[in-house]
């Protein structure tokens, strides 16, 4: 019996991320592995293996004309964690090819980063160290005049996908009210998750802590425009965690910089941010450089979930741990 | 029927902390209230009311000779959250006078601060903003070479009192192993709390994240000396959260500053820290100025638990929410 | 714009179960509703509406030749909670027709029944009332010689589908170890659910409490045969909850009746059980008449999840609350 | 150094309950053990050891005149789990003698029994087996016309002591509203426990499931009289779990027997219940013979918590796991 061919074309992921020796050994148990690193595989290389490929790991283009020739293909494993537009999701679905994303494996790291950003902003932890070092600290309540607690806060999440599902359990022990605005999810579903469905207006206007966790689609790009952002209360803490494109970024920074709300920003419309960008001098914002998800622990989790689900698929069983592409919604997503 | 006398002598707490208008109104329902602010009440003032006092709110000295004359006294409510040595705890116990501390009301705020400190150190959040602003940021995995996740970490708490009990539920959703070293608590008790009792050596040597949460007693002052601190692994994150006196502070900073471990410090042997103190220039430590517990949210909680328990006591019922002094252990504590 | 046609052919479900006035009103908001009750709809009736049907509620046969003509069909909602063999699941999948089952809505009721069966057997609650009424009771420990506690028990579930997922949270507060044997689920997945994957042999041999929750497929019918059942320890409590066909039923009753283990049985190879069946006189078994899932509360939940997911589908969004048919696995299931 | 004397006079507890070989070995490590079995120790025996006793395990009378001579006594460990009136609780407290009860160790077993009683009554599990054996069963919904689910029910507890604290976590996963009426507990405390404080009237009138968990004191004996019991709704399930004396027992059975509510009864005003008592023929009640707490698992837990807390006390540390007597409330309790 022929061993299944596992074709790896995971650029921009590298070997340290998705093909460590342990992982390579496990993959080798599951099939014959062919890898390509450092760039996206050439058309020639893809074509050479297309007919034999059983599992494709990577973000290789898979339009219908390729699928027509990939007759053994049973799974496409996106390890970049964003759906790309170069796959015919409908055709994959119709042919029973599993299209999976590693996004759930990135979510815990992002969630812990988000909760640290939120408490840091609420409690002023980011200012405390420079104030202390410069001898300008105030102790106890005198240093805590602007401090707020996460306990009992009203929390709203805009978007409740992989990130929200990882974040909600971290928030529960704080006894926070958890509001969600997500137009893809029914109120009944959210309530069974112990969440309160709210309108976008209510999420923005009522939250003490607001997590912006929505993906970017062809329909919602920039939907949080200045008009909406201006409805956020001054004492609200805002964590922009999923994609910069869901807000009007200039307006967001303008408002946050002028003290309209407290904000943490980890993702940008363009990365790296140009050296001379005004972004870098915006006061009153806690910046970081797209650090929320991409650490070794996340790649270990990606390897683990990927191996697990490839194992399931090669046994003819449904995958369990990676995210399954919904043909319509995946097609709408705007990756970078 | 005479209304019970509630005598308030809560300095260094002030009216905004423990006698807001709402709180004053509630206390007035419970009894006749006499207050003194801005300093500790004079002996004369205390003596004037001693015989009538039913509830004492504050850290007023209560040696045996005073208790002998405080024949109506039923409760002493410490709102500073540390047991002071100026009370005869044994006599109070013998006379059935409840001695209570507001420490549990401070603990949630400290716990959320601790978890933010820990994730900040693990993920490098405190360095991210200055790096970004100065144009020295690295994105994603390149910026995360030192980053670690709290998920699945081995966590040890040295001391499991009010702080540990508030912190443990925040750690649970991260799936961390929770080890505790606390010589006042039996292994059986810790196990029923879902915690793993460990020796001090194991706590120091095995933890990925180490929370120093012990109180200071006449017996344990400085027990975490250089010899012990040197057994902490280099990749361990250490949060010093309860009292500076439990460590040899100079050695702690010396080791942390030289990269022996990652550390966050919120409390100091002397506060305010002298302007020219070397502490302020110690590299590699996340400092803050005793900000963990003392914010408005904590004082609101103090007022709430205090009113609740005074209500219970005046009905002849046991208090429920504040910490009860154990006569022996409270006598051993070293307050400041 | 034409309103979508919702065709209801839910026999053996009746109006009280899946078409109460509230539910009818909600469905009427979503589309034009045509219903048939009391039998399965005739071919003629189905054919009349086939071309217009957008949503089919019921267990109507849907082979490929019908699907070829059901060009508007977007969802098939099985409200009987078992996959039937009269649907071409692969074709439905390929065409993007959602095939959903109400099974998750039945699971909570079954789970609470299971936990009551288990504690009843462990604690002897079913014998207590007749013993008391006949004057043969023994009090306290004398009456509890055979009693065991669920707290800290080793629990195994054979099968971890809808039932197991509802049952596990009910077991958590008892501090039980939760072992699972389910050949469709990877060890990695089970571990992320906080469950311990075990072999069938270990599940049978180690459990103090054993829940038989597997579905019946063409491959596993009767897989728990006498040889396996004889490996169950005498002090094990066995709850047969999903389908009688997963065990060799005669051997199961023979062993349970002779005291090889404690057992509760709610489902039978043939229902109703013949009046003169030997089953009825089997000693030592706690019987009930397929009561675990089918009560009003479950049908209310079915209506709720069904309305929710039809709403999602008609908006072009993925369903969220009902179970999605896996084309291959659903085809293997053996319904009755 | 003299080893502490541990005097065991635990009747009606016997060796199998509180002095198994393992337990005896552990106690022997802690001190010199003197035991008396089969009856309460004679005054002579008690007097012989009174001066040396450090720990008393049992329900031996300890009035002030004895305490005056028990100068080494540091702990009295009640292993019967009800406070008895033969101890001067105030004197013990004043002298710093810990008075502890094993009640918390009994509570889990009672809680699991209660939840099984409640679901059994809600779902009719106790009737299902005799109906099936006699050929009178109805299947599925036809057999479930009276069945109700615990999920989402309104639950009230009258009394929130050891039993309620063990029961609440078992109820949480059912998503029930948890109301509590307990005049010894403040509303603020109950709310921090995630419970809703309600009046007795509301508890009785609103509950779908009502757990009667209060202890009996000199003040509340029979407080649930006919007038109150008549306010319980017909579809309410009532579990009488703590002490028969909190209700007017005749009226309770009269009402339950006539279908005024569903009821489970495990405890009786007199035990054993007289052979010819009318109680035994009361229809419509699920009886058991004081089986809820007293099984081997509970005695194992008693031994475990007792050893743990004696260890703490002999180290000069506060006990952690057993219940501490409140001098005033313990004095009010009515034991049997």
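For reference, chains read A, B, C and D in written order, and residue numbers begin at 1 within each chain.
One rule holds for everything that comes next: a contact is a pair of C-beta atoms (placed from the backbone, for glycine too) under 8 Å apart; a residue touches a chain by one contact, two chains touch by 3 or more.
These figures come from a predicted structure and were not determined experimentally.
When the CA atoms of chain A are superposed on those of chain D, the rotation angle is 180 degrees to the nearest 5.
We define each chain's centre as the mean of its Cα atoms; on that basis chain A and chain D are separated by 51 Å.
Rounded to whole angstrom units, the spacing between the C-alpha centres of chain A and chain B is 37. The multi-chain contact residues of chain A, meaning those touching 2 or more other chains, do not exist; every residue touches at most one other chain.
Of all possible chain pairs, those that touch are A-B, A-C, B-D, C-D. Residue ranges on chain B touching chain D, taken from their complex, read 90, 93-96, 184-186, 188-189, 192, 304-305, 307-309, 311-312, 316-318, 320-321, 326-329. Against chain D, the residues of chain C that register as touching in their complex are 17, 108-109, 112-113, 115-117, 119-120, 123-126, 128-129, 131-133, 135, 137-141, 143-144, 147-152, 169-170, 172-174, 271-273, 275, 280-281, 286-291, 293-299.
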